[in-house]
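Below is a structure I'd like to ask you about.
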Amino acid sequence: MTVAMYPGSFDPVHNGHLAIIGVAASLFDQLIVAVGHNPAKESGMFTGPERLEMIEAAVEAEKLSGVRVVLFTGLVTDAAKAEGANCLVKGLRNGSDLDTELLQANMNLQSAGGGLHTVLLPGIGPDALISSRYVREIASRGGDVQPVVPEVVFDHLSRKFRD
Amino acid sequence: MTVAMYPGSFDPVHNGHLAIIGVAASLFDQLIVAVGHNPAKESGMFTGPERLEMIEAAVEAEKLSGVRVVLFTGLVTDAAKAEGANCLVKGLRNGSDLDTELLQANMNLQSAGGGLHTVLLPGIGPDALISSRYVREIASRGGDVQPVVPEVVFDHLSRKFRD
Amino acid sequence: MTVAMYPGSFDPVHNGHLAIIGVAASLFDQLIVAVGHNPAKESGMFTGPERLEMIEAAVEAEKLSGVRVVLFTGLVTDAAKAEGANCLVKGLRNGSDLDTELLQANMNLQSAGGGLHTVLLPGIGPDALISSRYVREIASRGGDVQPVVPEVVFDHLSRKFRD
Amino acid sequence: MTVAMYPGSFDPVHNGHLAIIGVAASLFDQLIVAVGHNPAKESGMFTGPERLEMIEAAVEAEKLSGVRVVLFTGLVTDAAKAEGANCLVKGLRNGSDLDTELLQANMNLQSAGGGLHTVLLPGIGPDALISSRYVREIASRGGDVQPVVPEVVFDHLSRKFRD
Amino acid sequence: MTVAMYPGSFDPVHNGHLAIIGVAASLFDQLIVAVGHNPAKESGMFTGPERLEMIEAAVEAEKLSGVRVVLFTGLVTDAAKAEGANCLVKGLRNGSDLDTELLQANMNLQSAGGGLHTVLLPGIGPDALISSRYVREIASRGGDVQPVVPEVVFDHLSRKFRD
Amino acid sequence: MTVAMYPGSFDPVHNGHLAIIGVAASLFDQLIVAVGHNPAKESGMFTGPERLEMIEAAVEAEKLSGVRVVLFTGLVTDAAKAEGANCLVKGLRNGSDLDTELLQANMNLQSAGGGLHTVLLPGIGPDALISSRYVREIASRGGDVQPVVPEVVFDHLSRKFRD
């Protein structure tokens, strides 16, 4: 049985992430979306628990099954071991992503003693070129991000920046 | 009529930027160089108004016509709308630039409701591989940046770091 | 007045090309789509005149104005001079395209004596990742290319490979 | 159940391919290595059946289970359907590979009507930077490829070029 | 006589750096490994002198001759002049590294008045994809970095994070 | 003593090659420019001996010392051994070049038993983005390549295509 872990900060989750979750959920027996955060020092736009909740709501809205969302702190390799995952999944938009992913895949493989491989899922189609960083920048300055995030995230962002 | 906006921080403008401005000014009816800054919290080496002034002086020294320089705060898409620009212009030096520009072009297009396209101008020739970040690092540590910046910038840097 | 030339082999034109034509037509006073071929030795899947006709039909179907389609043989820089174009337009999908385009932009600029600049339009959105080569391979082996080409091309391919 | 297909020409299979096969076999319920060739016009260094045999021998030597090797002609998407595969697996060494794979992944997804996703496995470690093309060039000119191919391939190459 | 300088922060040195040092030491008459730091404001995981010491120990353990390790503050070009180096050496893992190196090579060449060229050594083989940043992250969170750093660094990290 | 070999087809040599030769000649004790060709089946625009002659003339015109030009057939690694070279030098213009060079560097290192390293010299400045393929295409169709090739090559091309 293959249990895949999709780690990230998801601050917030966007349609590009959801496309990866949809593909990964169809390919692996179980998919664990793992939200990295530091409960002692939350530093994102949203807290870890808020980010988790938004992913859960979006995954439910898309009726994706076999997906579990968890929080983790520390190393991805430790989180994978704790959750019983036997591979990592990452989205891949372009060459810069690839350069980072090859370094991380190698470091994770070596520090995990060789058993934890990384699977890269290409971002293609209309949701391919989205970035949480730009979602935050645009939303926080009053721009429209509705086309690139799920409804639950749009609602959270609207509430946050209406005030 | 095509009004192009070339947004950036231009901290400070260098010969690579000026090559882009020269090409863009020859291609579009109007070119607006838009200097992004935050007047409430200036964080660059030069303030927004200083950066604007240096661009204006350099553009005049090169006798480029049809170029207007403005300051903006917030979203590029809002600045474009406010100035009546119907496309964005960006310089492109390499694959890392491209990866960033594709993400930004997509986010700007989607958040602007589809009408604001991005035009990429390749940096080629002797002024192709210059970076404001390295200009600042080199100048602030006493190195020579005269070959890569316009005279007005060289003078400003010399004054700043002579003291 | 800016007259842009979009050169290529367009064997055959696909939705990615049409997206570039649409953007370029909106940005420049005139757009010339220039189909490179060798009438003495047609080597593509379609002849030059067939490729031109399909582009014309697709451009008309999309109601794009200010677009002219021409055939050329030999150098792009000579075609640009002959047609009065003052810049070249190319689509840009990824880093490999960029590496080729930077070489070509430099060679064209230098061999044209400095006046012919190249403008790169990023391929983003659902039609970003299409390639004429794969259209030909898939269609010639009986695969479905309807989602990635205009109707007129789909009809031509269907007729060609039904036989 | 996830049945993955790893298509390629494998002319000949090398240690980089075998590393991908090993990882993919551990992740998916079944792995089909699909050797593309044209029986009417064999054009590689080895015929399709020879390439298949070498893969089978190498897979057996590495004691990998759940791997089946098949020949196919024509479209990868048709081969996947014929073999009941629900995803494609490709190795990924660098940005040039990525640019090709994103185009192919998109074309395959669209021409297959949306259901056939591509999974990219990063080539990392000592067998990361091998290429069949260079294996052929080096071996055919008397160079040593023993460090980069399985024993069965080394034997075949030795016999072929001893003569 | 060619004296090469290999500048970096080396915080800490890892097996990828050591592979570059080994190759460079074999190619040039002298190799100076130059550790950049700011003694007035040490900001790394290790101080400059600690980083230097670890490199010296690792170089000695590998029995590499012709290698000198120095500290520097400020510009690489000034350090090169001060040490009598006539070229710079950098490791190159991927396209992102390349984009940065081309910018730096050009800026260093221009600000040094043309005489200081940069030589890039490709990272290939089992130690190709290592990064000091990930070494720090993994070690500081209790992960195993033994496969990717020399023994002296492993000892330092173990002591630091045991406490 | 370091003897570097710069292999290539040089069909014909251009200003980008000469920039690399100039830098390499200044860095290594000896530089051997090695022109790969097949005397039994010359397939380039110029024969091997013609290409060699043009390089020799251009090197002499630039008064570069310590440079020897040779012809070779077969493997680069064999040529290097035959000429006593202990490293290879290649020019590097962009990420596509890098991807090819990393594969070749690895294959050459492994097939040579580990001792033959590759040094990459970045193409920067006005002669950075030149390609022999485009020189051939432009010159053969009557375009101007004078700005990108040495005088001796320009003369050869003029004579060849005047007829």
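A, B, C, D, E and F are the chain letters, set down in written order, and residue numbers restart from 1 in every chain.
Keep this in mind: contacts are C-beta pairs under 8 Å (C-beta built on N, C-alpha and C of every residue); 3 or more make two chains touch, one makes a residue touch a chain.
Keep in mind that this is a model prediction, so the values were computed, not measured.
Among the remaining chains, those touching chain A and also chain B are C, E.
For the copy pair chain D and chain F, the superposing rotation over Cα atoms measures out at 120 degrees to the nearest 5. Of all chains, the one whose mean C-alpha position sits at the greatest distance from that of chain A is F. When the interfaces C-F and E-F are ranked by how many C-beta pairs touch across them, E-F comes first.
When chain centres are set by their Cα atoms, the one at the greatest distance from chain B is D. Under half of the residue numbers at the chain C-chain D interface are used by both copies of the sequence. Inter-chain spacing, taken between the CA centroids of chain B and chain C, is 30 Å. Each chain gets a centre from the mean of its Cα atoms; for chain C and chain E, those two points are 47 Å apart. Computed centre separation for the pair chain D/chain E is 37 angstrom, with centres defined by C-alpha atoms.
Shared interface positions of chain C, defined as residues touching 2 or more other chains, are 94-96, 98-99, 102, 105-106, 124-125, 128-129. The full set of touching chain pairs reads A-B, A-C, A-D, A-E, B-C, B-E, B-F, C-D, C-F, D-E, D-F, E-F.
Contact residues of chain C toward chain B in the complex are 2, 23, 26-28, 86-87, 92, 94-95, 98-99, 101-102, 105-106, 109, 117-122, 124-125.
The touching residues of chain F, counted against chain B in their complex, run 94-95, 124-126, 128-129.
By the touch criterion given at the top, residues 93-97, 128-131, 134-135, 137-138, 141-145, 147-148 of chain D touch chain F in their complex. Chain contact summary for the complex, chain F toward chain D: residues 74-75, 77-78, 95-96, 98-100, 102-107, 110-113.
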